[in-house]
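Two complexes follow with chain A in common, the first pairing it with chain B and the second with chain C.
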Partner chain A sequence: MPLTGIDDRVVRVDAAAKARGEARYVCDYTFPDMLYAYMVRSSIPRGTIDSISIPKLPDGYYFISAADIPPEGKNELWMIQKDWRCFAEGDVRYVGETIGLLVGPDRNILKYLLDHVDIKYTEGIPAVSIDDGIACKGGAIVGEDNVLCQLYVEKGKPMSEVFAEADSIYEETLETGFQEHVHLETNAAIVTEEDGKYAIYASAQCPFYIRKSVAGLLGIPQEDIIIRQTTTGGAFGGKEHFPDVLCGPLLVAEHRIHKPIKLVFDREEDMLYSVKRHPSKVTYRTALDKDGNILGIEGLVYYNCGAYLSASYVVLQRGVFHANGVYDFPNTYVKGIGIATNTFPSDAFRGFGAPQTLFAIETHLDHIARKFGFDPAEYKARYFIKQGGETITNGHIVERVMLPEMMKQVVDASGYEEKIRKYPIGSGRGIGISFYNHGGAFTGNGEQAIIKAHARLVKTGGRVRIEVGSTEMGQGFQTALRKIAAVVLGIPIEDVDYDNPDTSLVCDSGPTAASRSTMIVGKIVERCAAEMKERWAEGDFSVEKEYEHPEGHPWDQSTFRGDAYLGYGWGCAAVEVEADKLTNEIHVTGIWSSHDIGHAIDELIVHGQVNGGIAQSIGYASMEKMENRNGYFRQSSMSDYVVPTSMEFPKQEWFLVENPYEWGPFGAKGMGELVFNGADAAYIDAVERALGITVHRIPMPPEDIEEALGNGQ
Partner chain B sequence: MGMTYIPSTLSEALHLRAETGARPLAGGTDMMVQSKRGIGLAPEFPYPVMIISGLEELRGITKHEDGSVEIGALASPAEIAASDIVPWHVRMAAAGMGAVALRNSATIGGNIGNASPKGDLPQPLILLDADVILVSLRGETKMKLDDFILGSKKTALKDDEIIRSVIIPPHEFTYSFYRKIGMRRANAISKLSLSAAAVVRDGEILDFRAASGASGPKVIRSYSAEAIIRGRRVEDIPEVLDGFLEAWNAAISPHAMPQYRRNTTRRMLSHFLSSIHDGAEAGIIS
Partner chain C sequence: MVSRIEFSVNGRKTVFSGNPLTRLIDVLREDLSLTGVKEGCGEGECGACSVIKDGRLVTSCIIPVGAVNGSEILTIEGIRDTDKGRCLVDAFAEGGAVQCGFCIPGMVMAAYALLSSNPNPSEEDIRRGISGNICRCTGYDLIVESIKLAVRKGGDLWA
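Now for the complex of A and B:
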C-alpha cells in the first residue's frame, strides 16, 4: 500500500460505513433484557413541586428520581461546578428539567405511563430574557442578582480618561439569539453493567467528561464507570456536557435496576429539551476623535446562561476575550456577565462564546465606519492586530498575522472594490465583509493546568493503534489523527487504527472541544509517532506522552491577564446578497473566504468544515430563529426551526494561507470553530448595504427585515 | 386506537367508509406525522383508518375533451409537477412542496383533505375554480374546492365520502403569477403564497383573479375585490389599484396576517397589476 503524505487528499476513514448505513449509532444497539427509559420533565419554567403522582406501575416498571440516589451519592452533575442537579427536587427552574425516569421493557406502556404522570406545581414567575434576569423578575434564581459568573479585562488607560478626551462616543447594543445544534443524530445513551462495572454507551464528544460528571451520583470512583463513545452523528458542542444530563439519571436507574437501559431522544425532545447557544446582548461605547479614529472601546457583554452554570463561565470568558475582534485598539475595557434565567441552560456550541461578540464588534465597526464615510473594510484594516501586538488580556499575539494578505485574496476574488461602487446603499444588492479569529485550545494555561492531555500509540506487528479519548463526531478527526500518525511513522494510513474511545482502554486526551484536537492531541500523537519510528525495530511496544506547554507564555487565570491563547486561527469572509424587492427575501449570490489555520492536515476535510461552518453561520444570522416565550421554546421540529439546505447558498470560493504554527502537528492550528465565527457579520453587512438599513440583532428573517425597513422610513 | 383496513377496490373502500367511518390514508405525510408517538413506537390513530394507496380508481391525470384536467386523488406532487397537461400554477405549487421524498409520497387528495391553511395545492386550485369530486355509495358529488374547504383543517367531506379527484376547468390566461415564500428555498412549509392571473384582450381586462395561501384559516379569494379590476381597461389600473389593494387587504384575515405577510401580498399584487399596466409581455410575470 502506498505511503501517505500529509498533503495527500485521502478518503475519510469513516465515509464508506456511514454512507452505506453500516455505522452503528446508539439507537442501533440492543442488549438482552434491555429496558427503555423516558424522561419525566418539568412542564413549567419555574415553581415548586407540590406533588408527583405516578400511575400504578406494572411489574418490571420503575420510576427513578432523586430519591434513588444512594446516601453516599449527591444529586449533582459535575461540569465546571456541581450546580446542575441530576433530578429536580423540591423545585423546578426551567421547562424540561429532569424530574425522573420511567423505565421498563415496553415503550407503548412507558408512553402510556408518561402521559398519565401528574405533577402539581406552585408556579413562580419566570425570568426568560437577559433583561428579565437582570431585573430579577420573579425574584433572583441565583444569589441576589442572578449573576452566575462575571469577569472583566482592561488594556491601556482607564476608560474615564479616554472618554474625557473623545470628540464623540458611539454607543449601541447588539443582540444575538438562541441557536439549536440540529445534530443529525439526537441525544442518546445506554447504561449497562459489564464485569462488575457500569458501562455507558453514549453519543458524545467527551467520554471522560461523562465519567467525571456522573460518578458522584453514586459516590464511586470514576474508574468504576466505563464510557464507550458510539459513532456520533454530529454534535457541534451539543454533546460536550449535555450527555451528562442523560447519563446521570441512567446511572442512578442502573444502580437500582441492574439491567441494560436505553434512552433516546426523539427530534422534538432534542429541540425543546436540550442546550442551546447563549443569547447575547452586547453594548459598546466607543470613544472617537473628530476624524472617526477609535480612542478606546468599552464593552458590556451579557450572556443568557439559563438556570445552571454548565460551561457558561468558560463560554463567557471566550466571549470577552474575543470582544475586540481581530483589532488592536489602544484602550479597552470589557466586562462580561453571565445571567441566570429560567430557560434551558445554554451551553457549548461551535465557537463557544466567540461568535456573539465577534458579530457584535464587526457590526459595530461597520456602523461607525459608515457614519464617518469610510468603507468598512478599509476602516477595519487600519486596526488589524499584528504579531507582537497587545491583546485585550495584556498578552501578545505570538504568530504572524496574515489578515492583510487574506483580505486581499477575498477582496480580489469577490470583486469587492468594484461591487461597492456598483451597488449603492439601498440598491437591493450589496457585498459585506468581515474579519474574525478563534483562539485555539483551552484558555491560557488550561491545557497545562487543567487538562494535562495524554496520548498513546501501541504497535502490534506492523499495525499501530492510537489510544486517545478524542472523538469523531463528523468533523473528520479519525482521519486527521490517523493521517498524522501514518505520515510520521512512514506507514500507510490503512495500517493505523483508531476506534471510538472506551475510557477503560485509552488515555484521557481531554475533551473534543475548543478546536484543540488537531492542534493539541495531534501534536502529542506526532511526538509519540516520532519516538515510535525511531524505536520501530524494537518489536511490539507502546509510547505514551503528555502535553508539553510552550515556555514563555504567562497567564494568570485569576486576573485573566497574559496570553489567553497560544495561537489563533484567522478568517476573512465576504458575502454578496440580492434582496427580493417584493418579498424581502435575501438571496446569497456569492461567498468568499480565506482562513489561516496554520497548515491543513487534510484539505478535503478542511473544505467541508469551511463550507459547513459558513453555511451554519449565515443560517444563524438569517433563518435560524429559536424563540422562547414565557420559558417555552416555540420551535420544536426541523420544519419550524430551519437550517440552511444545499439550495440556499451558491458554491463557495475559499482560500487558505500558509502560516505554519510552531507547536501544532505539521504546523496545524485549530479550525473547526474558526470557520463559524464570521460569515454572519459579513452577511448582515451585505444586507445592511443592500437595503440601507441598520441591524442590531440576529437572526434577521424577512419579517424582521420588513420591520427594519419600516422603522427606517 | 382504531382499526386499520386495506381495501383493494374503490367499492370496498366506500363500503368500509360507510360502515366504519375509517379515514383514508394514502401518502401519510400529514397523518403519520400528526399521530407520531416518538422513537420505536408506531403512530397511533384515535379513529379507524384505511390505507387507500393501492386503489387504481383514484390514480391518473387526464385531459377531457372540454379542455378540463382531472387529477386523481392519489396523484403525487411529483407526478403533478412533471405533467404537461396540468396548469402552470398547480405545477409550480406541486414542485415547491417539501422535499423530494415528500413530493413522491404525498397526494393531492391528502393535501386537500388535510385542509391545512399552509397546504400548497389548494391555493392555485381555488384560483382556477377547481371542483372536487366526492364519491360515496350514494353516488358522486361535485363541488367547488373553495366551498369544500371550510376552514383550517375543516372540510365538507361527509362521513361516507372519499375524495376521488379534482377537476380543473380550462382557461387561457394572458398573464400568470405564482410565488411561495417559505422559511428557506427548499423543503419549507409555506408561510405565504400568492397566485394571480389575468386575461387581457384589446386592452380590456376580461378576467382577473388572485388567491392568497397561508394567509388565514383557508385560501383567500375575494370575488368582490377581483371585480374592481375585472372589466377595466389596462390603462385604468393605476386609478383602481389602491382601491383593489385595500379591498384585498380587508379580505385577508386580520389575525393570521402580521405586517410582513400583509405588505408582501400587497407588493406582489401591485407588482403583477403594474406589470400588466406597463405592457409586460404576455406570459409569466416574475
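Now for the complex of A and C:
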C-alpha cells in the first residue's frame, strides 16, 4: 500500500530476516580457501619491545607485523589524526595494542601458535588514571604534559569578578567510569580481493571512515579498497573508528597473502581489547548568592583518552559544550582537557562525551538545591534555557524549548510531587529527576565544512533505490530512510530498496554517528525524493543532492564561538527506586521519560530507542563497572561486566512532545544519543534521596553504595 | 579422540564424528550451516546461541556435542516456518522487538520454549522466561510486548 503520511505505521523492514536468523553478520560469511586471523597483542601497558619470538610456522601460516607494510605505506591509521599505529613498533602504550596477526587455515593451530609467541619487554611505569596522566607518572606519554587535546569556552563576565561578588562557592568533583559497549555482535571483519581491488566486509558504522583510515598503510588510493558493511549487530559508537583497528592489520595481511582472511573477536577480546567510554573527572566551582541563586559556574573537565587521540578531541568538545546542561547560567567558564594514559584508547560511545558532563552538572545542581533546601526539580527549572537564550558557546537556542511541558508530563505521570513528600530522605525509597539535551549532528559548521554529505536515489521502473553510506546498526535507520522516501514519493515502502553500503556503489553521506543520519541524510533523501516525484514520468533516472546548510547558524571553529549545534533534542527522565537496606541492592520501581525529538519518523522505532537508551544509561550509573588496575581491565566477560537483563527494570512509561524541526525531514531531529543522556543522573538522584547519601561518582554498584554509607557521605 | 555422536537437528538425523568436546554451537554453525544460531559470549551468559534440546532451552556454546547423543535439537531454522515460529517472528516484527537483531533468534527460541510450556504467561513470567537472553538495544519492553502479542495472535496455537 502506498504510504500517505509519515505517521503511517510500518513494519520494520529488517525485522523478519533478523528474527528468522537469515540476516548475515560478518561471522556468518565464509569464502573458499578462507584463512583465519588472531591478534598478537601487547601484554603490558607500557614499555619497549626487546624481542618478538614466533614459533616455527607450519606451511600456510603467517605472522604479519609492521615489517609487512610496504615502503610506500605508513604504519598509521587515519582517524582524526594519524597517531594510532596499525602495529606497535619499538614500544607499546597499552595492554592489547596490536603487535601482529597470526594467519592460517586452522584455528586450533593458530591458538596454539598464539600461546607460544614470546615477546620480551622492558617495562615502563604506566599512567592509568586521569590523576596519573596529569602527574605524568612514568614520564609523559604524549608531549611534555600528556595533554592530548584541550579547549575552553567562556560566557558573560570573567569568573574572578563573579567569585568576588559571591556569598559562597560550592565546589565538588564528580567522576564517571569506563563503560563497555557490549554490542551483542563482537567486532569482526573479513578481507579479500575482488576484481583487482581489496574488499573488506566489516561490522561497522562508517564504511567510508575505514577506507580513509587504512589506504595509507599500503600507500594506495582509497578507491582501491571496497568496504562492504555487513548486517551490524549493535555498535553504540564502538564501531565508529574501532573497525579501523581490525581492518588495518587485515589489509596488510591481504597484501602479503592474497587469500580471504577472517578476524572475529571473541567476547573476552571484545571486552578487554576494544575502545570504551571516556572516564571523566569534572570539577565545578559554583558562585552563589546568599539565597542560593547561581551567579556563575566554572568547570574543569578531564577525560581519560588512553594512549591515542582517536576521536577524543571531538568527544571532549561535546563534553564541554554540554557542561552547563540545559541551563542558562549568566556566567560560565569551562575548560576541557583530554589526558593521555596507558589504557586502551577511549572512543565514541552513544552520547559522545555529553553524558559525562550532563551527569556531573545534574548531580552538582541536585547537591546545591538540597543544601539550600530547594526541591532539585523546582530549582533547576528556574534556569531552563529558553528560545533565544545564550548558550555556553555564545550562540543562541534557535528552537522553542519545551522543557517546562516535558517536566510537567514526567512529574504528573510519576506522581513526583506526592512521592517527594511520601519518601523522606533516607527512607529507603526515593524518586529522582533529570533534564538533558543533545546537540544534533556534527559540531558547528562541520556538516558543511567537513562532511558535505551526498545522497542519491535511483529510479528503475516503479522501484527506487537509496544509495547512501549511512548504515543500519540496529537503530532503525534503514526503515526510517525508506519511509521518508516512500512517503514523499507516495509509493509503498516495499518499493524502496536500500542495501548495506558498499563504498564502490554509494555516495559518501558521512559517518553514522552524532545522531545525524535521519536528521541530515534523511533530509537530503527527502529533497531527492521531492525532485524525483516531480520528474516521475521521465522513466529511469537518478537524483543526487548535496547537504545544504541552514542559514543563521554562525560558528567559529577556531574559537568555539557561535551555534555549536544545528538544533537540540531535549529530555526529562524520572526514576524511582527502593533500596534493600540489608544488601544495598537498589530496585528500580518506576521509569518515566519525555523527549523532544522534533517529530518522530517512526514512533515504534523511537519507542525502542527510548527504552534501550534509558536502560543503558541506568546500567552506566549502577551495575556496569569496568575497572582498570595497573593498565589491565578486570572485567573480561559478560558474567563479570553485567549489563541489564529483562528482570532489572520495570516497564517504562514514555512521552514525546511535538516540536517539529524546521530543517529535518518531516520535522525530525536526532534522537539516538539523546535518550542515553540523562536517566543516569535521575537514578543517582533517587538513590541519594532513598539512602540519604551524596554520590560523587558512577557507577554505583551495591558494594560502592555500602562504602558510601560507611563513609557517612 | 574421535567419537561418533548421533542426534537429530530440526527433525533430521545427524551424525557427528570427531572430538566430543567440540561445542554444539560450532557443529550447528559450521558443519550444518545453521548460522541463525549466534555466538554472543561463548560462556552461556547471553543466550544468543539458544537452542531447544529435548524440549528445554539451552545455550549451545557451553554444551559439548558429546552431550547431545540421542537428543533432539531444535534451532531457529527448525521453527521459523512452523505455525508457532511464524507467529513469533510476525509478532516480533510487528511489535518492534527487533533492533540490531543479533540476540533475536535466541530470543525467539526462548519465547518458543516459554509459550510451549506456559501458553498464557504473565508479564513476570515473560520477563523471567527471557532473563537468560541479553539484549543491549531494546531495554526489553518491546520484546515483552511482542511476546504478549504472539500469545494474543497465536490463540490455540500455544494451548
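Keep in mind that, in the parts below, the second predicted complex is superposed on the first by the 710 of 713 C-alpha atoms of A that agree within 3 Å, B and C clash if a C-alpha of one lies under 4 Å from a C-alpha of the other, contacts with A are read in each partner's own complex, and residues count from 1 in each chain.
By definition in this document, contacts are C-beta pairs under 8 Å (C-beta built on N, C-alpha and C of every residue); 3 or more make two chains touch, one makes a residue touch a chain.
This one's a predicted model, so the numbers in the text were calculated from it and none came from an experiment.
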item	value
First (chain B), second (chain C), both or neither touched by A:Asp266	both
Touched partner set for A:Ala15, first chain B, second chain C, both or neither	second
Partner chain in contact with A:Pro644 - chain B first, chain C second, else both or neither	both
Partner chain(s) touched by A:Ala530 [first = chain B, second = chain C, both, neither]	neither
Residue contacts on chain A - larger count, chain B or chain C	C
First (chain B), second (chain C), both or neither touched by A:Asn584	first
Partner chain(s) touched by A:Gly474 [first = chain B, second = chain C, both, neither]	second
Partner chain(s) touched by A:Gly233 [first = chain B, second = chain C, both, neither]	second
First (chain B), second (chain C), both or neither touched by A:Gln652	second
Contacts of A:Ala615 with chain B and chain C, given as first, second, both or neither	second
Touching both chain B and chain C, residues of chain A	27, 266, 268, 639, 644-647
Residues of chain A that touch chain C when the two form their complex	11-12, 14-25, 27-28, 181-186, 231-236, 266-268, 473-476, 604-605, 607-608, 610-616, 637-639, 643-647, 649, 651-652
Residues of chain B touching chain A in the complex	37-41, 179, 181, 183-189, 192, 258-260, 263-264, 267-268, 271
Chain B-touching residues of chain A, taken from the complex the two chains share	27, 36, 107-108, 111, 264-266, 268-269, 581-585, 623, 639-640, 642, 644-648, 701-703, 706-707, 710
Sites on chain C touched by chain A in the complex	34-43, 45-46, 48, 75-77, 80, 88-90, 92-94, 96-105, 108, 123, 126-128, 130-131, 133-144
